[in-house]
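Right after this note come the structures.
Heads up, the next two complexes both have chain A, just with different partners, chain B and then chain C.
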Partner chain A sequence: MNYLKRKVKNIKNGCIDVFNVIFRPSLVESHYKKRVIKKKVFIFLMLLLPITQFLIFFVYVNVDTLILSFKRYDYINGDYLFVGFENYRTTIRDLLSLEQFKTALINSLLFFPVTNFITLPLSIISAYFLFRKVPFGKVFKVIFFLPSIISIVVLTMSFQFMFDPIFGPVNSILNEIGINPEGGWFGNKKTVMPMIFLYCIWAGIGFNMVLLNGAISRLPKEVIESARIDGIGMYKELTKIIIPMIWPTITTLFVIGTTAVFTIFLQNMLLANGGPSGSSKTIAYIVTELVRSGNLTDAATIGMLFTFIGVPMIMFIKRFIERIGENVEY
Partner chain B sequence: MKSTLYEKIILYIVCFIFSLYAISLIFPFVWSLINSFKTSVEFFEIDSVWKLPKSITFENYKRVLIEHDIIMMFVRSIYLTLVGTFLNVMMSAMAAYVVCKYKFRFRNLIYTTAITVMIIPTVGSLSATFKLVNNIGLYNNLLLYPVMYAGGFGFGFLLLYAYFKSISWTYAEAAFVDGASDFQVFYRVMLPQAKPALYALGIIQGINIWNDFFGPFMFIPDKKTLAVGLQDLVNIMKYRAEWPTLFAAMIITVIPVLIVFILFQKVIMENTVAGGLKG
Partner chain C sequence: MKKYVKLFSSASFVFMILLTASCSPESSDKTRLRIAFAETGYGREWLEEIAVAYEKENPDVEIVLDGNPNMTANAGPKIENGRDLADIYFLLETNWQLWATKGYLEDLSDLYQMEVDNGKTVEEKLIDEVVDFGKINDKYYALPWNDGVTGIVYNAGMFEEKGWEVPETFDELIDLAEQIKDEGRGIKPFTWPGQYSAYWNFVVYGWWAQIEGIEGMREFFAFETPEVYKQQGKLKALEAFETLIGDQSNSVNGVNGLIHTQAQMQFANGLAAMIPNGIWIETETEAALRDDFRMKMMPLPTLDGAVEPNINNTMLGDFIVVPKGAAHKDIAKDFLKFMSTDEMLLLYTEKTGSPRPFEYDPTQIEGLSEFVQSCLDIWKNSTNFYIISKNPMYFANDLNTFPKSGAPYGDIYLGDTTAQQVWQGDYDYVVERWDEFKEKNGIED
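On to the complex of A and B.
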């Protein structure tokens, strides 16, 4: 009944439209104009909140960081004063001379090989074997997803428990064999960074694997099957067919892995508090410390320096990796 | 399609290695759960770490809930998660819908910005964000804080954009002919059709906000959420050596997420994959 009513209404409206077009063109135009204006208002209203939020929390904040990096807080006037490139001069000097900065810089840079040349390849191989139907593959897939949904606070905590010098189960096993670093695994300068890397690999494989496995399972089955009929081995199947075909996903993960160099610090903070004696700090760690201590201008300067270096570098790496993909392609 | 014997052997070796990794992921939680039922005294008996509790005590759970303000943290976390997720999903839906279905001047600009913004590291602008949060009265303001999660561009935008693209426009056209306004079409016709994607995004963002440590730690330090409070407890318990109490707190934090994950496992896994591919 309703359907019929609507049909009739549609026909009626259609007739009125035709009538209007033929006999009253000006009315149609004004109706059309009204509709266009209404549409514009709608688009405006829908985008108003998201764009305002973006302008404040992204554009304004980044511009303000740039401005802050040229200023210094003046305690006598209680206001920020313009000091030109002074902050940059002192920051670059400190970066090159202070031991603490140097360690932080090296620690940050080391995340590049760890995430991209250890975690990523391991994730690709694991994702491939999940795809090749390892026994119990479905169960593994669910378990490997855990690092993606559990809070980093809980993950780092449970990792620490395992290696606790007093009650840690893994530590007690290693202790039996005689491996027992002085001050505990996170309290020893020599072991603290390797432990943080180990944590990142442990938690990172699960995360990457889910994305990579999704990409592999969406590939056209015919290509892979026809290659298998040709009697291709596992190694060749992975390197010659699968990897080139999921290259876009690998690129994305590589880029995310590279940004880690500039953003990583939570792992270091939660696992070792940056210690012992600052040996596990990263650049981002120092930035957050400065912000928390109220030194906004120095934090802004370091942030800006690394944005200037980081963003072009990440863009370059993205292009570079995409290029490799083009050349590898079958 | 058949695997050769050689390949089968490799698959079994991989299965073994996978099992070890899977155990390493699960073991800490099972271990913490078991030890959360022990008293501190029992926990520190020799070799107790490997043993089951002599008698199950809920003393640790009671203590965490009463002494350490966990209930308030729980309430705060739930509040932030619900409001933050709602704002995020709504803003993403509004932005994604208009950019996907309407043609207007800045459309392409908005789309490219949404994609590129995702890869720019944000730690750099932390100092200005901190200043802004202080200036607009967001600092330690639990009521206003969810605004920080409301971003309409990013993961949610991309996920919903792709979904809206797959929804046919014919229903909307029919509604327009019937005299529906743009807003009515969005609210009554398009949003109901996008429900699966909206729920999926909601669940994923909800988990992210529930787990978020850095934001609340930085901007609402006096209004501790579960994630922040848990980290606090670590430091307190280190002095008191009341580890089992800490295990209990950890289990309390994990359980809501695990329940959501078990209930919506398929939705979460599929959509994380779909969203992760873009960019």
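On to the complex of A and C.
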């Protein structure tokens, strides 16, 4: 009976369509046109904001920075003057000859191994253990993720307090066992960068872990269950199943970690003000200082110089990492 | 349903209009003068009271205050893009010359010629040495905000209790440091903020000026030749610092990692007897000080060979500007003129404990604290030294006192460099780049 009703309905609709095509072509055309216009307006409106944002905050800013890097400010005439590659010449000379620049460059480059070869593996291990539902897993999840939701100012202050030379509880314990660097943990050139790295690892694990945990929990249960039935150990499960299957997420985190080389400065500023004696500054820190002092042309030059180095470097690393791991589909 | 949606939309629209109207700065009959200020060591009470006094004399003006410790950094982008501008900005030392030459600041030359009291103009009332502070390309764009007293602050109660004498010479200061370590039962002579080690500029610049004299310092900050970096005063001052603080036992352990508030807390808690600081320390640490805590500023101990033994390093640098795009520029100038009257200058000092660089006598104020009194005595009885440079190489930050690597105090404290190396290093750095800096800043021979 239902089958019959459906057939009748189809025939009825077919007749209406034929009627519309023969007798009301203009009506159909105008309706179609309206739909197309509506669709185009919708697409236009949806794209308007991101494209405008892209044009202003990416294209304009970067083009302006590039132009600024070929200029210098003339205080007498109150205008920017074109100086060709002079800013690049002096910046490269200072990078190679001044101790402060060399230190900043080394500090920046050290963030590459720290974020990618210490923070990232620790995040993968932590995410895996949470996935395996270790006792108090949910509590650990909150503890690990807490640094990512607390303001960096508060976080750096509490971290600094832990190692305060007079009141710091961690410092007191270390002092008891004879570990007490001259000038304090953030006042000694040998300890200040390791302390900043320690902070970045502590605060960075949580952020990575959330993304990794999400990627692991989306894996097909059957694969993991069948491996477990086959008696796979935790080490093999992590290295032979989990890591290959979440490789795209690891690649993304690796690329984000690599960009830290060129962008990190806030942690160094809040923990040690770039000191002692500029020993914890990074390239991005120096750019920030230059901007604050009004020296936009030198800041733009350093920025462009490291963009020329950074973009190919990051593209190469991305391709290299993607090639290492297989593209697992599930 | 459509009816309700329309009704809701209309109601929301009317509400938004009313809300916007109520937030409009000109909603009342009064003209609103917006004042933005760096709310730091001097607090905000001074400005609140001056604002009340101004409103009393000008009932048609309402003053709105916007204080923020980070105002100096926040003001830059606003002044540059001309949006959401205050009418007056009180800011800490920064490159206002850049804003002035870019045309973002109002020309204040007419303010300098306005009569304040007793027929004196603002320019005539300003201390002679600072008149040109706000001048660039023959126009005045800034007005100096604070004058100052900086140097070594000591725990007066502790000194009296232990019977320690305030040193008059550098040698006596070294002897005192030994005495404190011997008799102080763990008290160290100094604490200081290693993360802001430029606090030692207050003392070192003072010693430098003692050796070179005011003329020598003017010559240095004119930067006419790289040979100014060979001044013996700079070397001797750094050597004095090296003798005093290069001996790590003279500082609390871990000072190199401290910020200014941590160092001030150590001083307030009696961990150290002295701290390099300025006249603002009392208001800045007010909340943390015990009622019975007593401190004073000591006249800077004199170095051997000083030509000007009685020096106060004012560290003048904080300034006041009116943006070109301000809504009420004339009222802003009138307010600044009002602030320059004797009555308001005295009120300013009474509330902040700090003088302003005008010709008046703040020591006549009654009820000042022992600390402020000690500072004002130094300010009144010393040769005040002001850092003012008209050289674009200085505004552009190509040249300064330590151009090679910034304040060298942390390195000297850690023994990573010597006074002689810093002095020679700065000279070599400047000589190598002199022509380049001149060309870069459009300076012709």
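In this section, the second predicted complex is superposed on the first by the 279 of 330 C-alpha atoms of A that agree within 3 Å, B and C clash if a C-alpha of one lies under 4 Å from a C-alpha of the other, contacts with A are read in each partner's own complex, and residues count from 1 in each chain.
Keep in mind that, in the parts below, contacts are C-beta pairs under 8 Å (C-beta built on N, C-alpha and C of every residue); 3 or more make two chains touch, one makes a residue touch a chain.
Predicted model, so just to flag it, every value in this text is computed and none were measured.
S.K.: Will chain C clash with chain B on chain A after the two structures are superposed, or do they fit?
M.R.: After superposition on chain A, chain B vs chain C: clash.
S.K.: Looking at the overlay, does A:323 come into contact with chain B only (first), chain C only (second), both, or neither?
M.R.: In the superposition, A:323 touches no partner, neither chain B nor chain C.
S.K.: Looking at A:46, would you say it contacts chain B, chain C, both, or neither? Reply first, second, both or neither.
M.R.: first
S.K.: Looking at A:310, would you say it contacts chain B, chain C, both, or neither? Reply first, second, both or neither.
M.R.: The answer is first: A:310 touches chain B but not chain C.
S.K.: When the two structures are overlaid on chain A, which partner does A:9 contact: first (chain B), second (chain C), both, or neither?
M.R.: first
S.K.: So in the superposed three-chain picture, is A:236 touching just chain B, just chain C, both, or none of them (first/second/both/neither)?
M.R.: Neither partner.
S.K.: Pick one for A:148: touches chain B only (first), chain C only (second), both, or neither.
M.R.: The answer is first: A:148 touches chain B but not chain C.
S.K.: After superposition on the shared chain, which partner residues are touched by A:34: those of chain B (first), chain C (second), both, or neither?
M.R.: A:34 sits against neither chain B nor chain C.
S.K.: Looking at A:76 after the superposition, I want to know if it touches chain B, chain C, both of them or none. Which is it: first, second, both, neither?
M.R.: second
S.K.: Tell me the contact category for A:276 with respect to chain B and chain C: first, second, both or neither.
M.R.: A:276 contacts chain C only, not chain B.
S.K.: See if chain A has more residues touched by chain B or by chain C, and give me that chain.
M.R.: Of chain B and chain C, the partner in contact with more residues of chain A is B.
S.K.: Chain A residues touched by both chain B and chain C?
M.R.: In the superposed arrangement, which is not itself an observed complex, chain A uses residues 292 for both chain B and chain C.
S.K.: Enumerate the contact residues on chain A facing chain C in the complex.
M.R.: Listed in rising order, the residues are 72-78, 81, 83, 86, 90, 98-100, 164-166, 180, 182-189, 192, 272-273, 275-278, 292-295.
S.K.: So in the complex, the part of chain A that touches chain B is made up of which residues?
M.R.: 6, 9-10, 13, 38-40, 42-43, 46-47, 49-51, 53-54, 56-58, 60-62, 64-65, 68, 126, 129, 132-136, 139-154, 157-159, 161-162, 167, 169, 172, 202, 205-206, 210-211, 213-215, 225, 228, 233-234, 248-249, 252, 255-256, 259, 262-263, 265-266, 270, 284, 287-288, 290-292, 296-297, 299-300, 303-304, 306-307, 310-311, 314, 318
S.K.: Across the complex, what residues on chain B touch chain A?
M.R.: Those in contact with chain A are residues 1, 3, 7, 10-12, 14-15, 18-19, 21-22, 24-29, 31-32, 43-44, 49-50, 91-92, 94-95, 97-98, 102, 104, 110, 113, 117, 119-132, 147-148, 150-153, 177-178, 181-183, 186, 207, 210-211, 213-214, 218, 227-228, 230-231, 234, 243, 246, 250, 253-254, 257, 261, 265, 268-270, 272-274, 276-277, 279.
S.K.: Would you tell me which residues of chain C are touching chain A in their complex?
M.R.: Residues 73, 76, 94-95, 97-98, 101-103, 136-137, 194-197, 248, 252-259, 262, 266, 271, 392, 395-397, 404-408, 410-411, 413-414, 416, 436, 440-442.
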